[in-house]
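Each structure below is given as structure tokens.
What follows is subunit A paired twice: with subunit B in the first complex and subunit C in the second.
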Partner chain A sequence: DSHIQYERVGADVTMKCGSMDWDAAVTWTANGTDIDESRLNGSYLILKNVDLSQSGQYSCYEGSSWHLKYQTYLRVGTPPKEPVLMCRSNNYPKGFYCSWHLPTPTYIPNSFNISVIHGTKDMVCEKDAVPKNRCHIRYLQLFSTVKYKVTLTVTNALGKNFTTLTFDEFAIVKPDPPESVVAKPVPNNPRRLEVSWQNPSSWPDPESFPLKFFLRYRPLILDQWQHVELSDGTSHTITDAYAGKEYIIQVAAKDNDIGTWSDWSVAVHATPWTEEPKHLTTEAQITETTSASTSSFMAPPTTKICDKGAVVGSGAVAVCWTAGLVVAAYSVLFI
Partner chain B sequence: SPTGDSWGIFTFLCAALCNLPALPALNCSEELGAGQSIQQTYDLTRYLEHQLRTLAGTYLNYLGPPFNEPDFNPPRLARAERVPSATVDLDLWRGLTDNARLAANYRAYSRLLCYLRVLDGQVGTAELRHRLAHFCASLQGLVLSIGGVMSSLGYPLPAGPAGPPTPPGAPAAPNDFLKKMDDFWLLKELQTWLWRSAKDFNRLKKKVPPAVVTLRLEARGF
Partner chain C sequence: MAAADSPSTALRRRDLCSRGIRLAGKMRADVVDLLDAYVEQQGLDASASVAAVEGVPLAAVEHWDEQTGTQRLLENLAAYRAFRALLAQMLEEQREQLGEADAGLGRALAAVLLQVSAFAYHLEELLRLESRGIPGEEGDGQPPLPRLSLFEQKLRGLGVLRELAQWAVRSVRDLRQLTKPSLATSAAPALAESP
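Then we have the complex of A and B:
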């Protein structure tokens, strides 16, 4: 008959060939491959200091008849370490969810049991099909002074472990990030960007539980973010963008009064409106007709720090003027 | 939201009705004021919540361990029930009328204020007395503010408690530890009420916006 055997990594394992006597003549196989007799002690198979690679099917056959006398599936693993548990309310005031995972794998099957106690009451946390290792609870009462105590126990064939979280209803409120963030340039405004977004769809009641927002933006070429906090509305116009520079923009949300900020939304990119440089086209025609070697006498826009309308007062002003003179000199040559 | 035209009509009617001497005094600006008072009351709850954080920290340290430990999570004893609880069934809370919502807040803070005043008379350190006195004054302001909103909307004020609340059958704490437990729960309930009020007034804000068009003629006995 066949069964499963769980053993700890590093343990010494002795397998008996079913009801066969110690001195019977047997052959052991591991995953179909014969095992050398040196590993045997009589008819017992000795595995010392087992490791994960030794997991597999072990079979014992009677010497002469080659009858299968015993079969076992060896699973080498570890008892569970303390699990990592997180609880969060992204749909306040409907309820909250808890999700968990093990910090290191055990390599053998684990079962999880979660219990939620609110004061003296036991509550049922309904397990989600997807994702696994997650369950959700609906609030029966709102504005509770009594804390929730969530205990997660993980058990496997080699041991068990647990962790506990205790929290107030208000402490775990954290919305999902805002959705559908869109950033657009504003026509005829080289320093503006119009950003708009929507409440996260998981937030059930923004009317009674309004969200406030945090917007951050920076040009791709700089590391420092600029921040704006908005207490209402789902749009904002940036008015101090550097002209012609591509921006990266993100938004986060928080319940107006309680809990913590959401993660940042997906980043959107946008570049403020720039005027089409009309004089460039006439100059380009002249260079073509005179068949000059250089294709353009202006540096490529992406590396230039001296765009028209660049921020006045930057340290690059001196360089701007020099480049301007060079450009002027060249353009005179090509006229 | 009202268009410019209907707003103009409303103000005209308001002015016309208010100027008719034969009619009982109709204070049209009360409806307009209610929206702003709700905003002010909301702001006051946020201010108090902030103040309470400092006060509670100081007070719990004064009580000493285990009350000042962040994980302290004692069971609710029956005696603590006399402090009004903000806890409410979710659907019930949603379905509260404006009047009921405001009245619940008014009653709760009136009683909490009474309890806090009793506390004020008992605490040891001067710093605590000073903080408590300041907080009580702000809390009094909140009660008055809620009362003001109720009046401007035409709701009657709930009958307040006569004096320091001592409901029949609830004796003073028999020992020092239980007295401290009472104090702990008082502060907890106060904190929870302030969180709840922010949500209550958010809801009221949406239902009574600053520019209200409906005339409350029925309420005035027309």
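Then we have the complex of A and C:
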């Protein structure tokens, strides 16, 4: 009959050929390949100091009849190390979630059991389908000074380990980063950038539990960030940007009263509005130079060479200048 | 109840709530500072668990989101009246223990006591606005707070300040609920369930 056998890395393993006597003539195979007799002690298979590569199916056949007498699946692995556990409330005041992982793989199946105690009360942490190593709890009480104690135990065939986290309701509150961060230049304002964002969608009730925000920005060419803390609203105008320089901007969020700051949002880039050099865009000049030639080139009078609106990517300004140079080159040709 | 609000009542409520929110926010910041000073001065372990002490109003509440505005105001008022008495006793015990040895802590306690009294008054004003009778203070009928050993006094003080800090946060949330235009004191909102 076939079964699974778990052994620690580095262990010495002795496999018996079922009920066969020690002196019976047998052949052992590993994953279908015959094993050399030197590894046998009578009919026993001896594997010394096993490593991960020796995991596989081991079969024992009676010598003359080649009847399968024994089969086992050897899984080499390790007992679990202390798991890493994290608990966080990104949807306060609804509840919190805990997630965990092992610092190193065990190479064999593990099962996790989580217990949550609030004072003397046991609470059930409902496991999420996705991701697997995560569970969530609804707050039954708010504003409690009694701490929560979460114990995670991980068990496999070779051992078990556990870790415990103790925290109070406020300490684990950490929103997700703000969403939909947009940065735009302000027309005719070479030192301004308008930034707007939205509350994270996971925060259930921003009206009753308002968030405050932290904005950081710097020109790409510098390492030092400027910071602005904003106690309300989801927009801000930067008024001290360096003219013509591309900026990187991020926003973080925090509950107004408790908990910690979110991670930084996805970074957005923007460059303040710059005035077009006059000789590249004067309509009269383009008309004058083209009328003296036989070429049919004519720049449409109302079409802008490039659009400076919306989020300006790092390539957009370069495109504008390139287009301008092309127009200048054509103008020179036709004079 | 919502339909009966006159514009001036609504304005006054909003004004009282805004000021109350600022007062509670300041109070919480001062209580947190006081808590640090108290723990250090009394030689306590900041992480020590303190069992619920009789007479200290617990901020913990179930179904918070389902409370009516009136319930919020009444529970807040009862709590801050209790804290007023507890802080007054702590101040007296502090003076007995140390005399003038730690005037700083005594002054900080007195300042918080003042803010607690002010907030209680604020809550009474809000209740008057709701045409609710202000519950009478039970101070006269209540048995005096038990005399505790010195160590028990210190632990109770820790419990009082911790619960007060929680209450200050809760009060900010409660007053924000009151300022929501969809809510009147008798309407009970339910937080939308997330998918």
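Convention: the second predicted complex is superposed on the first by the 279 of 335 C-alpha atoms of A that agree within 3 Å, B and C clash if a C-alpha of one lies under 4 Å from a C-alpha of the other, contacts with A are read in each partner's own complex, and residues count from 1 in each chain.
Here, a residue touches a chain if its C-beta (ideal position, glycine included) is under 8 Å from a C-beta of that chain, and two chains touch if they have at least 3 such contacts.
Predicted, not measured: the structure shown is a model, and the values here were computed from it.
Novice: Kindly say whether there is room for both subunit B and subunit C on subunit A in the superposition, answering fit or clash.
Specialist: Result for subunit B and subunit C: clash.
Novice: By the touch definition at the top of the document, which applies to A:206: first (subunit B), second (subunit C), both, or neither?
Specialist: Neither partner.
Novice: Between subunit B (first) and subunit C (second), which does A:219 come into contact with in this model arrangement: first, second, both, or neither?
Specialist: neither
Novice: Answer with first, second, both or neither: which of subunit B and subunit C does A:159 touch in the superposed model?
Specialist: neither
Novice: One more residue to check, A:18. First (subunit B), second (subunit C), both or neither?
Specialist: After superposing on A, A:18 lies clear of both subunit B and subunit C.
Novice: Give one of first, second, both or neither to describe whether A:120 is in contact with subunit B, with subunit C, with both, or with none.
Specialist: Touch status of A:120: first partner only.
Novice: Once the shared chain is lined up, is A:145 touching subunit B (first), subunit C (second), both, or neither of them?
Specialist: After superposition on chain A, A:145 lies in contact with both partners, subunit B and subunit C.
Novice: Is A:42 in contact with subunit B, with subunit C, with both, or with neither (first, second, both, neither)?
Specialist: neither
Novice: Identify the partner contact of A:91: answer first if only subunit B is touched, second if only subunit C is, both if each is, neither if none is.
Specialist: A:91 contacts subunit C only, not subunit B.
Novice: Intersection of subunit A residues contacting subunit B with those contacting subunit C?
Specialist: 93, 140-147, 170, 207-210, 257-258
Novice: For the complex, which residues does subunit C have touching subunit A?
Specialist: So the residues of subunit C touching subunit A come out as 25, 28, 49, 58-62, 64-65, 162-163, 166-167, 169-170, 172-173, 176-177, 180, 191-192, 194.
Novice: Going by the contact rule set out above, which residues of subunit A touch subunit C in the complex?
Specialist: 91, 93-94, 140-147, 170, 204-205, 207-210, 257-258
Novice: Taking the touch rule as given, give the residues of subunit A at its contact with subunit B in the complex, in rising order.
Specialist: Going by the criterion above, the answer is residues 93, 119-120, 139-147, 149, 166, 170, 207-210, 256-258.
Novice: Tell me, which parts of subunit B touch subunit A in their complex?
Specialist: Touch list, subunit B to subunit A: 46, 49, 71, 73, 75-76, 85-90, 93-94, 185, 188-189, 191-193, 195-196, 198-199, 202-203, 206.
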